[in-house]
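Mind looking over this structure? Questions follow.
As written, the chains take the letters A, B, C, D, E and F, and residue 1 is the first residue of each chain.
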Amino acid sequence: MDDNDQHERGLSLRIDMFGREAVEMRSNAFGDFGKPLQHIINAYAYGDVWQRTALPPATKSLTMVAMMAAAGHVNELRVHLRGALKNGCTAGEIQEVLLLLTLYCGIPAGNEAHRIAAEVLREEGLL
Amino acid sequence: MDDNDQHERGLSLRIDMFGREAVEMRSNAFGDFGKPLQHIINAYAYGDVWQRTALPPATKSLTMVAMMAAAGHVNELRVHLRGALKNGCTAGEIQEVLLLLTLYCGIPAGNEAHRIAAEVLREEGLL
Amino acid sequence: MDDNDQHERGLSLRIDMFGREAVEMRSNAFGDFGKPLQHIINAYAYGDVWQRTALPPATKSLTMVAMMAAAGHVNELRVHLRGALKNGCTAGEIQEVLLLLTLYCGIPAGNEAHRIAAEVLREEGLL
Amino acid sequence: MDDNDQHERGLSLRIDMFGREAVEMRSNAFGDFGKPLQHIINAYAYGDVWQRTALPPATKSLTMVAMMAAAGHVNELRVHLRGALKNGCTAGEIQEVLLLLTLYCGIPAGNEAHRIAAEVLREEGLL
Amino acid sequence: MDDNDQHERGLSLRIDMFGREAVEMRSNAFGDFGKPLQHIINAYAYGDVWQRTALPPATKSLTMVAMMAAAGHVNELRVHLRGALKNGCTAGEIQEVLLLLTLYCGIPAGNEAHRIAAEVLREEGLL
Amino acid sequence: MDDNDQHERGLSLRIDMFGREAVEMRSNAFGDFGKPLQHIINAYAYGDVWQRTALPPATKSLTMVAMMAAAGHVNELRVHLRGALKNGCTAGEIQEVLLLLTLYCGIPAGNEAHRIAAEVLREEGLL
């Protein structure tokens, strides 16, 4: 597959998951300096790995939430919590992942992830 | 609920997920020194958080795999990959989580997790 | 022991260590979404592990400070620095832990932990 | 070598790399509480390890950027990005390190490091 | 650019840096299960990011060593230490990066990285 | 203070804590390549920070155990568990730190630290 097609395919899925406005804001945040980074995100993450179909989008999102919270990536956790809601996950399903996190990555990681999740759920009127 | 009941309920679920032999080996590995740790695992992890029902066991296992791989906990990753297979996850579903991991936690984390997964899949005759 | 008793016993110790106002604020921060997390904190952390008596509270607090700073959990470090002062640790004792941290977890971790500690010591009029 | 001489030699190199104002601000931020930390930074980091001459300053700075970004030390990353520019690194060289980071430590680490780098490059009128 | 060309270009650079035998062994280690991972490594890492030319290969390798050691990725550190020697880095240059690491990521990280580096230098008859 | 004196003072304390044989083995493990690393350990860690007297050696050792376990530095954890026993800590005190770790850094970290501690306690005939 041509690299540009892969980029476009990825950008399109990314817009479906997070909305055009949010994606454009993040895409342009670092100007030309950020172009090669955006290519990695669009072509390699959303244009390749996220195109796979062994798992439904909601399950992928929950594993992303688990991964970002476990690695302490707070900003990316916020992004993927919004993606999880968009992909149909419920607050109760997210809570269950965060409770496993609390036991397996510790109370501070659990606390921090609950704080971000509560913010996102409030934004969406779900808390 | 009484703490002992919670412990027994957890131990029972743990044996269902990993088999009696593996659980007994891990439970006794540190003798009396490990008793309070085993209580945390049995009563608080498997007796409480794992008893929740918002997510099917296979989905919980995939988020555990994501979390353990993201945090670099290699031994625990092996345990929860076996649990994932027991809970009905396929090699293709596990692979998809590990590819997201590779993009979002980096190639070395992805490499390491594929190595452990390949070992577990070979043990089970699935590779 | 009954789980509710363990929860109450933990909550009571937690209020002794951090003050009622701070504990209530943190307990209610995420509403119902945070209830199971609070149960883990009250019943399993403060109602079980913190009830053990092999170490005096000041020593436990210093190991908590070491752990939170080493793991980069800045918010939780702030909480446990306040707990350390409440449990009778001096600024000099905390400084000594943070200097070991600087050598063993590196200058950036040491810098960050000194920054949080200086904030907490200033709040308490100790700097 | 006498410890005081090593301290002075380090402080002097540190001022060359980051400017007197920035170094004084950071040196005094924690008052007496921060004195032994500052000694570690001046005498042991800048007075010893940074005095070595196997690598040119620009290369040292790029490895510092790589290290701080990989370890998630955002504040220290900002400091060493400024040091990298002072030591003669270009935006394009920094970008190349951050793209390796994106592949080898994952997209969230890459995103975060690009964000900090864009801030520093803007401050310096380079973006 | 076509994705297959990018893959081939990357594989070719990878073989230049690490030798055909080592690359083939790693490429085949996980059979079909590892194919998509190998595509990420060949097409996206070595076929894209490593193709950039703002930095000489030796400098890229030193930042990779810094990154892998800082993130605690011991196996990947070993691989990139070999790549660094292949790309013309000296033992003294590597040592200087590892000493910065020791101060900025802590003595245990420094110890571990020295241990791996000593192994690689001995293999190559350089220690 | 002269740097050589600081080095000798540190080496002497290190030998008191870990025994001459273990220190010599570790000191010589990397030959000349490891000399500057050994200087950091002897002069800066044991010759400076460990010389401070605000905390008794046993308490310092427990915070080191907490820090090394929280950061996942398994080899260094083993070294400092031996140091903790030498400095008069009991198995019960170590266990209490590891249980706090289990709740605050998660079950896999707790498991791993218990495994290393059980090995060290068995070596010393304490388990």
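Quick note on the criterion: contacts are C-beta pairs under 8 Å (C-beta built on N, C-alpha and C of every residue); 3 or more make two chains touch, one makes a residue touch a chain.
It should be emphasised that the depicted structure is a prediction, and the values quoted were computed from it without experimental measurement.
Ranked by how far their CA centres sit from the centre of subunit C, the chains are topped by E. In terms of C-beta pairs in contact, B-F outnumbers the other of D-F and B-F.
Per-chain CA centroids place subunit C at a distance of 31 Å from subunit D. One finds 29 Å separating the Cα centroids of subunit B and subunit C.
Residue numbers of subunit B whose C-beta contacts span two or more other chains: 36, 40, 44-45, 49, 68, 71-72, 76, 95, 99, 102-109. Against subunit D, in their complex, subunit C makes its touches with residues 72, 91, 95, 98-99, 102-103, 106-112, 114-115, 117-118, 121, 127. Of all the residues in subunit E, the ones that touch subunit D in their complex are 44-45, 49-50, 52, 54-55, 59-60, 62-71, 76, 90, 92-93, 95-97, 99-105.
Within the complex formed with subunit F, the residues of subunit D that make contact are 1-3, 6, 36, 39-40, 44, 48-49, 52. Put simply, subunit B touches subunit D in their complex at residues 103-109.
By the touch criterion stated above, subunit A contacts subunit D in their complex at residues 29-31, 33-34, 36-37, 40-41, 45, 68, 71-73, 75-76.
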